[in-house]
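The following pair of complexes shares a single chain, chain A, combined with chain B in the former and chain C in the latter.
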Partner chain A sequence: MMTLQQQNISDNNFESCIKCTICTVYCPVTAVNPDYPGPKQAGPDGERYRLKKPFFYDEALKYCLNCKRCEVSCPNNVKIGDIIQAARIKYSTHKPSLRDSMLADTDRMGSIATRMAPLVNFTLGLKPVKLIMDKVLKIDDRRTFPKYSPIRFETWYKKEAAQTQEAFTKKVSYFHGCYVNYNYPQLGKDLLTVLNALGYGVRLLEKEKCCGVAKIANRCIDQATRDAVFNLKYIGQAVDEGDEVLLTSSTCCFTIRDEYPHLLHLDNHDVRDHVMLATRFIYHVLDEGKAKIAFKEDYKKKVAYHVPCHMEKLGWTIYSTSLLKMIPGVEFINLDSHCCGIAGTYGFKKENYDYSQGIGEPLFRQILDSGCDFVACDCETCKWQIEMSTQVPVLNPVSVLAEAIDIEKTRQLNA
Partner chain B sequence: MKFDNIIIGGGLSGLVAAIESQRAGKRTAIVSAGQSALHFWSGAFEFLGGSGPHPVIDNPLGEAQKLPPSHPYQKIGVKRTQQLLEKVPGILADAGIKVEGTLSRNHYRLTPLGFLKPAWLSLDDYFMIDSPDNLKDKKYSIVNIEGYIDFYPRFLAHGLLQHGAKCEVTAVDIPALAPLRKSTTEMRATNISRFLRDDAVDALARNVNAASSGADAVIMPAVLGMFSDAPVQRLRSGVDRPVYFIATTPASVPGVRCQLSLRDCFTRMGGTFMPGDTVVKGDIEGHRLRRIYTYNFGDMPLEADNFVICTGSFFGHGLIANIDRIYEPIFGLDLNVEGGRTEWYDTNFYAPQPYMAYGVVTDQEFRPSLHGETVENLYATGALLAGFNALKEGSGAGITLATALHAASRII
Partner chain C sequence: MKNARKTEYDVIIIGGGATGAGTARDCAMRGLKTILIERLDFTAGATGRNHGLLHSGARYAHTDPESAAECIKENMILRKIARHCIDDTGGLFVTLPEDSLEYQDAFVKDCLKSGIPAEILDPEQAIRMEPAVNKDIIGAVKVPDASVDPFRLTTANILAARINGADIITYHEVIGFEKDGNRIVGVKVKSQRTGEEDIIRGKVTVNAAGIWGYHIAELAGVKVNMYPAKGALLIFGHRVNNMVLNRCRKPGDADILVPGDTISIIGTTSTRIPFDEIDHMDVTPGEVDLLLREGVKLSPLLATTRILRAYAGVRPLVADDKDPTGRSISRGIVCLDHAKRDGVEGFVTITGGKLMTYRLMAEEATDMVCRKLNIDRPCETAVVPLPGSEPTAEDEERRAHIIELSTEQKAAEERHGSWTGKIKATSDSDDALVCECEQVSVAEVNYAMDELHVHNLVNMRRRTRLGMGTCQGELCACRAAGLLERHDKCTERNIDDLASFMQERWHGMYPVCWGETLCEVQFTSWLYQGVLGLDPEDSKDIDPSSF
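Moving on to the complex of A and B:
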């Protein structure tokens, strides 16, 4: 029986907030930006007023970087981050600027840029170009841009890998996302290396678009919804064929699993459990004894693991860290779970740059003090931020596995 | 995924049980749904202090002997309870939390509203005295941060005056706090603590010195040192007389520090802390809990040899009350709830409320039961347990810690 109390709780459960302000303690923005009202005020507190009158909407909510650390800390399971993002979508009267649309449209920018990658990479590194982008577009000139790849992952896959993957009897699907496709195909190749050795073939979805996280953050909601519906169709196809759909980006994964239903109001319940990080899948097959893994004897590295915010929210850190700890030659360092500050396109914006670096500062210091050979991390934008701010290289755990695995031995174990 | 021991709940009880388990070399994980009641911490732990006009001071252990046999202290045995609890200051010290006090005699702490209440342990920088008589003719300077509204110096002054102490009430400001003043709603203890570090603490110390000349000691709100106690030490060494802190309205700055210090202590030893996840169900087969399922882990369960459930009472969602029933939400464990809703409470607000003593019923070893049958590898601790009114007894922390250490001793 539904009780009266249950019927009185709205979808975003702001009524469950007891005003304890614990969320504000763990908010990375509150720590550096006094103009941000803090998650309690911006979320459940403000929601009461906004329901009365949209007039009470505060544009300072744009400072929220949607890390969801407020939700992880909330003792009452209030969806604070969702309330704030939903309010931005519903009430903000500011149209996304040209810059915001450009930053958000990763597919379009990626398609153009990969065609002329060397030129784009060169140009985006030029001081005068950066200055113009800074002045005209308000993209901060201190920010280093991720490099574009001359060959897209999809193109490489079709040409070099598609056929061999079909030969495997056990298969999974891979949602590679924009970053692997346009910037860093090597990560996708690394996933194939690891999964193939474990005895799994990797297929791509028939089609995919950007997961939409950048469009949601920049409030291009119609486009985000169109892309999400598109993705769910092709993810659904793969799941119907019995595939798990793996990702190598914690943010894309989180967006498809949780932001689609919570912020875009799309029903994904039939596929949600099958959309997961590759490290979760790999851990699972090893843990269940469905596959075995062998590592190179001479692989010796000091690895510091950084927990991306959406990884913290997914609660799956242990899969990635457990895999890294399995490698005999790895000296493992656990970094404090602390936002790096970039939050996707957030840190590229001129008005956010200083806050972004301020948020990440304790993390950067810890990384530099750790003496690690590299940082391992499941998020590409954390990678850009950490590499730019510390000069320490950052590798996805899947790439670490690909480097450390004894391919021949592993293949034989799983033959 | 398999562990030796899994602790459900990441508050004081769960953290202490987990630390002891991990220390013994057991592979231990904590599943924690949101931050814990430690964020509301007063800075003191009670063992058995009583309440109202007749507090227990001189012989709390002797008083514990008079409790009914169903009480957790009696179930453990008062002597063993004492042995277990004597480990607590050391466990806290390992995590970097310094406390003072003894089980043989309670001291007095000063509440935010100016009352003296008995306590077993207090943070070493908190206001604590052996007897109200010690207050006679003492001069205190109560120094607030200007504009900070979650601290009530006049109540404190009034309370201290009842015992013959004299108080001056002042407030100080430093330029470093200017950014916070953009919005009055942001003048909160935890926000203030972010700004009170490094040089700002020295500036604060100078102003406190100027405001407190002639006083024997300074009393301040606990707004320093959220992530480390370095700012507290810096202030105390910069102020030219003793400084004592008083709890503020939540979130509690020393509570956050205590939570994070204990968690760090656990993870440094190799423990696994899973934040922001909720255990949704478990498989109990042959009187044993085999595995639990969580929201985040979905269809991949967590297995362990032993489990400890430290999910708290109503406040921690260890118990849920609806219009028509009270239940333990994960496993549906047996409770001591009797009667319908109108019997759960007394209309006299100050009377002992029946619901305060509700919780899971257990055997002598604190193993709960399901449909009358004991779950052999599951232990319950702290506020989730039935059979005591922590508020009236002044016994919450003592029971939490004693039962946690008892459970730990059974799973290592």
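Moving on to the complex of A and C:
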């Protein structure tokens, strides 16, 4: 009988749960929202009931912000977060609302908004507009919207950078994502600055769409799957040409690597190892002696690093923090690993706003008490949340490197 | 209760299984002054230790058409009167490559002859309906099998008996009979808790004690030839299958896989055992082996699914009175009038049969009691819904927005049906879960303590499913013990109770203790022995029904 029973195979290992409840202790939502059953109950416990009858699905699972901290904490490798998200996709009878589809469709909203960026930014900042959005769409009026950029990163790249990048013999591909494209092209430019100085040219994928994290969270699964298939095709092209595909967003990176196979059931095994965060790539290049870096002597900053949830799940925090610590003028503070509460579109929703801010509260307090000049963080939505809630600026570690690097010296070192 | 015993009853029923509870309900509904006496807890015997299968009768169609006809009739009745105890899963009889399709043809004919709707399916269609089934099947027949919760069913019968005026006492063992010449006029009982003895008087006594009825009959001075047959079963951690799966062949070992509440059960084996083992049955490695080996033929998923525990029940096999050698076993229901058979007046034994036919057994026994008492009241148990299954206006209203409820509220709804409204949560802490695996709230535990004859954790488990889930009491037992303590205010007995409960859970896990189940047990023992300092020796007050 032992030979028959050698493996216990259940979807997302839900039967490996030994009910230790550590996940619930680490769940940022459970601590602030009594209506949320917590990862153990929403995940493996609830799954038994849902297997009995889909009727047992509990709509309170919508409060899960998919931070995956439960999975990081699980001693038995149960994919708790995946169980919960898969259940929302499979069993929820509520159709995504107009608001949810709007928030989820970052590409469409982005391409409209960037065309009229100044107007959109102005309008979205107006109190009456915010009140209307609050009342009609249930997007909380206390939330500050990220600013849209008048010029898209892709447009800038084609006009200003494409040609110079071709000159490099060593190249990487860059999946910029929606945020860099529509809101903050500067981060993309910073990546080019750093990688160019290190001797690497940066290409864009032939085409890309939103990674789909917001669509998955808002259960627009067909669209998310279409976009993911599209992305995998062009990522595959770059990988076939021998490129590593770099990202500057921990969430996009995590989505493409892990959510595509786990929640959208797409096979990405041939590209997964080549999709990585820029900081991981840069760290390895420096560590292996493939490139050298020099920093400005007068760069002096007190930097507090915040670990985004999906960074915690990727397990790659060490790369970003090691790079920051390499900068001689940086006084480094490691903030406690704690969810900031926004979780992408989650914190924009009126029903989640208070929980969102409640979750982030200990982090905000620690940031304000730290006396740092700015917070470094690999996730854009954490950036919005922390900047809105603490007024402390947040920079991607790549932007910090771009600011601290002695470009000329570095270029010469790598010539 | 003391006062109640001063009165003379029309009927005394011995045994708190489905048959005893059903008989108490029937007698009480026909206006008899009724008392039910149970040695331990309801469902502590064979009722609580079987597959929980609502037979369509198909299994008996070929070998025992009479039982098959009884089954399908009772099946249809129970679906109406006990809908909150039944999960209408449907069932398949599948033919494996090693079995013959000829049997299937004969089987379908026999089913139809007995009035059992049986529909031959294309194997591919069957696989689509039940993806857990072995993909190699060469034949499949769909029948109206379903699963029935024996704990819920028995509790509902007890409640119905009580509503109709019956008295119910548990944890009292019958130790003798009061006789007036050749007439039995009462029973002598002993409290399991206090050791106190008492006499209960009644005009007719019904022996509905299952295999334990052998001894009861002996106490009454009559002999009923019974043989205990042990049947072992395994419980899997979640629902592997959503339809009952049967092998389409002559009934044999481990050929039924039933989706029980949140779990799946494979069984059974069949072994004659001596009487001194009926209160302490261990599932042997050989039995586990056999159940798994045969089980994976029905559903290969069983090979890779966590096993929660193993358990065994005792079927009371009754020798046919017509066979003087006592070797041939009578099929179906055995209702003995000991006045006619043995010259003992006022004593009836109801036995044989199966969980499926408990209501019919109760009806036959009650008919016999009524004849003895010269009472002419028709049996209504086939048409009156059981408590929890009545349609009510409130019920309709609740069903309308049930989809918005939490998992725990939905689970309570499934367990208590139209009586769920009696579970009152008056504060946030009442909504807190005691048992997380099976979604039992503080309010439900309190309701069970107040209304469902709960004296200890084992009773609580049988009324609510507390401790029946994946962790087998690891998280809930200590919480529930705390709630029970507040109720009966005896910490010492409470600790003993907790220790016996955990020992009983361990007893079921031991035969299948490998892999995740082993991790769970280890973790549980750290918690209870390491952190809480519970000593397994404390389980001295152990309930024999636990084993």
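Operating definition for what follows: the second predicted complex is superposed on the first by the 407 of 415 C-alpha atoms of A that agree within 3 Å, B and C clash if a C-alpha of one lies under 4 Å from a C-alpha of the other, contacts with A are read in each partner's own complex, and residues count from 1 in each chain.
Please note the rule applied: contacts are C-beta pairs under 8 Å (C-beta built on N, C-alpha and C of every residue); 3 or more make two chains touch, one makes a residue touch a chain.
Predicted model, so just to flag it, every value in this text is computed and none were measured.
Once chain A is used to superpose the two complexes, chain B occupies space that clashes with chain C. In the superposed model, A:Q41 lies in contact with both chain B and chain C. Contact with chain C, but none with chain B, is seen for A:I9 once the two complexes are overlaid on the shared chain.
In the superposed model, A:N76 lies in contact with both chain B and chain C. In the superposed model, A:L51 makes contact with chain C only, not with chain B.
Once chain A of one complex is fitted onto chain A of the other, the partner contacts of A:A31 are limited to chain B, with no touch recorded for chain C. By the document's definition of touching, of the two partners only chain B reaches A:W316; chain C does not. In the superposition on chain A, A:T21 makes contact with both chain B and chain C. Residue contacts after overlaying the shared chain place A:T93 against chain C, while chain B stays out of touching range. Once both structures are placed on chain A, chain A residues 1, 4-5, 20-21, 34, 37, 41, 76 are touched by chain B and, in the other complex, by chain C.
Put simply, chain A touches chain B in their complex at residues 1, 3-6, 20-22, 24-26, 30-31, 34-35, 37-38, 41, 71-77, 273, 280, 283-284, 287, 312-316, 318, 322, 334, 337. Residues 1-2, 4-5, 7-10, 14-21, 34, 37, 40-41, 44-49, 51-52, 55-60, 76, 93 of chain A are the ones that touch chain C when the two sit in their complex.
Looking at the complex, you find that chain C touches chain A at residues 237-239, 259, 261-262, 285, 288-289, 292-293, 296, 303-307, 403-407, 410-411, 428, 433, 436-437, 439, 469-471, 474-475, 514-516, 519-520, 523. In the complex of the two chains, the chain B residues touching chain A come out as 1-2, 33-37, 39-40, 179-180, 182-183, 185-186, 188, 190-191, 194, 226, 250-251, 256, 267, 272, 274-278, 294-300, 316-317, 322-324.
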